[in-house]
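Down below are the structures I want you to see.
Each of the two complexes below includes subunit A, the first together with subunit B, the second together with subunit C.
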Partner chain A sequence: MWNDLFVSILALIILILVPLVGVGLLGLDYLFGIVIPYLAFTIFIGGLIYRMIYWAKSPQPFKITTTCGQQKSLPWIKHSRLEAPASTWEVGLRMFFEVFLFRSLFRNLRADLVGKRLVYGSAKWLWLGAILFHLGFFIIIIRHLRFFVHPVPDFITLLDEIDGFFQLTVPTLYVSDILILLGLVFLLLRRLVDAKVNYISYASDYFPLLLIIAIVVSGILMRIFTKVDLYAVKELAYGLVTFKPVLPKAEIGVIFYVHLFLVSSLAVYFPFSKLVHMIGIFFSPTRNLPNDNRMVRHVNPWDYPVKYRTYCEWQEEFRDVLEEAGIPIDDDWCKETQKKA
Partner chain B sequence: MYNADKVIVGILVLIIFFTTPFWLNYKRVEALPKPERAEKGEKCIEDTAYMRAYHMKLLDEWRNEKVRESKIYYQSSDGRIYLKSLQRTCMECHRSMANFCGRCHAMFAVKPDCWKCHIAPEEVKKWR
Partner chain C sequence: MSKLPKPEELIKDVELHKTPVQHWMDTKVEFKPGKFLFAVDPQVMEDLGRPHLGKWQPYEEKWPLPEDWKERILKAIRQRMERFRSFKLFMDICVRCGACADKCHFFLGTGDPKNMPVLRAELIRSIIKGEFSFFGKLFGRFAGARPLTEDVIKEWYYYFYQCTECRRCSVFCPYGIDTAEVTIIMREILHELGIAVDWTMKPVRFSHFIGNHIGLQPHTIKENIEYLLSDIAEITGINIEVPINRKGAEVLFVTPSADFFAEPGIYTFMGYVLLFHHIGLDYTISTYASEGGNFGYFNTLEFAKKLHSKIYEEAKRLKVKWILGGECGHMWRVWHQYHNTWFGPFDYLEVPKSPITGTVFEHAKSHKVVHICEFTADLIAHGKLKLDPSRNDHLIVTFHDSCNTSRAMGIFEEPRFILRHVCNNFVEMPENTIREKTFCCGSGSGVNADEYMEIRMRGGFPRANAVEYVHKTYGVNTLACICAIDRATLSALMRYWVPSVEVAGLHELVGNALIMEGEKERTTDLRYRPLKGYEEGQ
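Let's look at the complex of A and B:
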């Protein structure tokens, strides 16, 4: 859907122009440096909590675990612990592999017509692109702590050294920057080139990809090409997280404000878009429920109390007829169940 | 709300994760250290804003031009001529590696390898 792509590009251009005009021409440093980041962070956290509570309020009528293997059964039948988890611990294990290693994407298949036959084959590219992008993003977020924390903790220094291992440019090019770009470009090309994926791609798919690409590119530009005054950047960032926001006296380049505004936009967009799968994965009933339907009765929370007749009541009503026909009467059993109730 | 206990734990984890910088700074907030001012000299070779952002690029260029092309003099944008030398030009005015270079670099987890070959002014003093 090419219209969706153009709309996304247009939205991105507007998002880049806003800080260019706001800071570059109008000098609204305070707005773009302090007010908008605080606002964006509040909406980000508030929005995510809102989504969590909203999801947690919806009832779970059925147990709809996705199962891809033998469920726990008789002891001599081999149970597939990850594919049909039966306990909370096994569910946790499956979630771990899903969240950290994208196990379900690893099973991604491609479908092609060979002559008139539909043939399925392995396709690991989506998994690779996704893991490069997500892992890269995670490392980059952790690495950014050096702007927010003083003194810089040792683990960040170590991460920085590993990430900049190749020392290719001055300042050092980060490996994670290259990997995340490769991942993102692949994920975007996949939507553009593969007709089947292209057909189901909308603005809500293109826009986040383009936005994150723009954030990464502006970050790399700022690090390696059009440098900014890092001391001023840290003054601002440190002021924000210690709740003593100050605008640095020295001027930070406009590109920094573009980067910051795009990140703020991402933060605001996050809870209300597909990106919220970061939280949603934990709320997926197909993933977070154990496959123990035959061991534990799942009660539908919206079941209302149904008026029903027990066997004992039925037996009482037709006692004469039953006795006449010689059918045994279960008085002892009825007394016992009444006691229990 | 269903599974309230688990959801509340989830919300707490979310908040704690995204406020990491706040916790890492907790109870030790202090003013950021400022790099020491130059001991002598009125003006750096280029203006301060440029030097703050681009000093590493400039030094990298100097290294390449001086070592590989034997171009040993640098003309600044206002026309003055300098010897391209970290030890004999930069450190002539900024006389402390630890207090000038080091303070900022420590703030950003930056570990430039200049001093693996060059000798910091502090080291020079020890040997005199």
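Let's look at the complex of A and C:
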């Protein structure tokens, strides 16, 4: 819905204006460079821990694995280990494919009604967009570690070099930046163009996409166009992670503070929004439980006894017809169970 | 009952790529004939000691909700969140990517956006945000939040009975969000006010007081079975006895009660008993635990547990070693995913072992219940059955994977293995409509009421469409399945969409193919249809 998009854009504009005013006009470098990032990081970690405890507090009463392949049954029937895992190891494998390769999303189909016939086609675009975005995000986060550690480990330098291999611009524009933008723009356009997805989209769906796009764009801008002082950035970042925060003497530039403030906003927003799916996927009972229900008993901590109609109550009611039909009567059982009761 | 439009008219209004202009929170439910289920008769709830709203129907403008309805609903939601991690988590992690949107058979058959699984879950997700979350209250619609009103209750009644708990969406969801779980819980929450469906609650009462969903008394079951046995005698020349409530049998056989009395389930039952006679199985059926199908599961989990408790008292009383379960979809969902938790540990039973082949069913070692298809497939694999698949040559068969046995159990190969051995003409439907991607019959989870026919035929459209395809392409005339609800509902669905296709239980085909010792030459199948080569005039 358009309202939702406009509200999200408005929210984003405010988030960009805040550091522009705060740092650019009022010179609140300390607030935006040190206090807010610390606060945001604390809320991020605290929020995620809270969220995990909140989920974990509720038990999973039943083992409700979604089986997408052959169960483990008779030894000569080929068991689908990935789609109907029966052991912890197989569950681990299934989860790995879900978390890192979005296996379920890869199955996606598109249904069309052609005349009176339903046809299904492959629909991997959503998967591709999602992979580009998430993988790009992941690489970018790893790459950013070089600001927080000293000396920079070889693998990060190597990743940096591979990511910047094409040297499209000077300084180089990273491949991961292009991929993540492609992914994000695709996901955003899809929300606007696909009628069904558009219909279910709230501002809270547009906002995180726009926010992350803004983060990426501000990152690219300060690297390629405004060319912020990377040594100053590292000085600040390193100070933050070593808990000896200092504002660098050199001028970093307000665009950096915009970037940092947007990242801080994302961190604060994260635990209280749909973005918690990052952690939630690990808790998902249809994916993280083995389909071994008949092999291993699953215990429900709040299970309670339920009154049912016992055999003896039933036999009493139907004694006449049972006798007439020649169906055996079992008074011994009733005596036995009454004695126990 | 309203008049059902003709098949070519029914889905004319379906648009899969267009959505209404109005925000979904502003569209109100309309209860039109053919598109809603009748409310429960208050006497039924009275008899079962449950709350109810008295006599009312959903189309009434003002529902007779109790004064404290809102508090009761909110309390029920909170309690379910505390009890079910699944529910709590699914309310939090959906990103509305829309991968599920066109996976639901009800969406494909109605085009109603609220039948997209994501939006079905939003019907409750929006309330949890709107009533419990500070940010939800603050940002309202922009955060997908709205307040709880009487219209929301109506909407829930309409759409949570327009989900058949088939779990197709959960296959495609990147987080495995299972709408069935949401629907199960939402139906429970509606029950807290006494809002329920007559068609699913009357069977609960029958199952509870009498033992099976249609209310067959023990002597009637026996009479029905004897009637089927006389048909078997006429067709095969073999006299069979079916042990009833016999103590000390090795195996307790439990199947949905529809197999005792309703076409085409009765033919499946004939197949079972022919098989058991063929191998000399030491078994019994029970008239006390005479219902495998669990209508409680369509209402509340407590009812589900209540009804199936009987199976285990009966297993104890009859001192059987293990339990064999017949063909049924949701029955097996409950058996496979809930029984072991509810009724275990089963120290009074033994690890199931086929007395004929000696196979130990290791995968059922804790629960001690075996699926008839696992049992029969093992028999065939060991060459213990004498089969003449040509006796099914008058049939061209395709196989419908039932939702529950597919996506909540994973039994795909056993029935296909059996099919390939008992008939010569077996073709698959298109690959995106079978196995884990199979489509619901459109009437599962207890919505197969007559007054709901339009929705049922729409919901069953994707399944019927795939059958129609193999019917036209390969001349398929038989839709085999392993589910009692399927046998009832697919029959209605086929009559409407693909009239020349009949529905058969898998073991009916087994029964046709079994060469019984001392049998006479068979000229008809178990339905008295002439076998190939025995048609009139030949």
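Going forward, the second predicted complex is superposed on the first by the 304 of 341 C-alpha atoms of A that agree within 3 Å, B and C clash if a C-alpha of one lies under 4 Å from a C-alpha of the other, contacts with A are read in each partner's own complex, and residues count from 1 in each chain.
Just so we're on the same page, a residue touches a chain if its C-beta (ideal position, glycine included) is under 8 Å from a C-beta of that chain, and two chains touch if they have at least 3 such contacts.
Worth saying up front: this structure is predicted, and the values here are computed from it rather than measured.
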Once the two complexes are aligned on chain A, which partner has more residues of subunit A within touching range, subunit B or subunit C? C
Based on the superposed arrangement, let me know which partner A:Q60 touches: subunit B (first), subunit C (second), both, or neither? both
With the two structures laid over each other on chain A, which partner does A:I49 touch: subunit B (first), subunit C (second), both, or neither? first
Can A:A84 be said to touch subunit B (first), subunit C (second), both, or neither? second
Once the shared chain is lined up, is A:E235 touching subunit B (first), subunit C (second), both, or neither of them? first
Check whether A:I281 is in contact with subunit B, with subunit C, with both or with neither, and answer first, second, both or neither. second
Please work out whether A:I156 is in contact with subunit B alone, subunit C alone, both, or neither, and reply first, second, both or neither. first
Check subunit A for residues that touch subunit B in one structure and subunit C in the other, and list them. 56-60
Which of the residues in subunit A end up touching subunit C in this complex? 1, 3-4, 7, 51, 54-74, 76-78, 80, 83-84, 86, 98, 102, 104-105, 107-113, 116-118, 120, 126, 130, 194-205, 272, 274, 276-277, 280-281, 283-287, 291-300, 302-303, 306-311, 314-315, 317-318, 321-322, 324-328, 330, 333
Hey, which residues of subunit C end up touching subunit A in the complex? 8, 11, 14, 16-20, 23-24, 81-86, 88-89, 92-99, 101-103, 108, 113, 116, 118-119, 122, 135, 139, 141-144, 167, 170-178, 181, 208-209, 211, 217-219, 222-223, 244-247, 287-288, 302, 305-307, 309-310, 313-314, 317, 336-338, 340-342, 344-345, 359, 361-367, 369, 374, 377-378, 381, 406-414, 417, 430, 432-433, 435-437, 461-462, 465-466, 469
Under the stated contact criterion, what part of subunit A meets subunit B in this complex? 41, 44-45, 48-49, 52-53, 56-60, 145-153, 156-157, 160-161, 167, 170-171, 227-232, 234-235, 238, 241-242, 244, 250-251, 253, 279, 282, 301
Hey, which residues of subunit B end up touching subunit A in the complex? 1-4, 7, 10-11, 14-15, 18, 20-22, 24-25, 29-30, 32, 35, 48-49, 52-54, 56-57, 59-60, 104, 106-111, 113
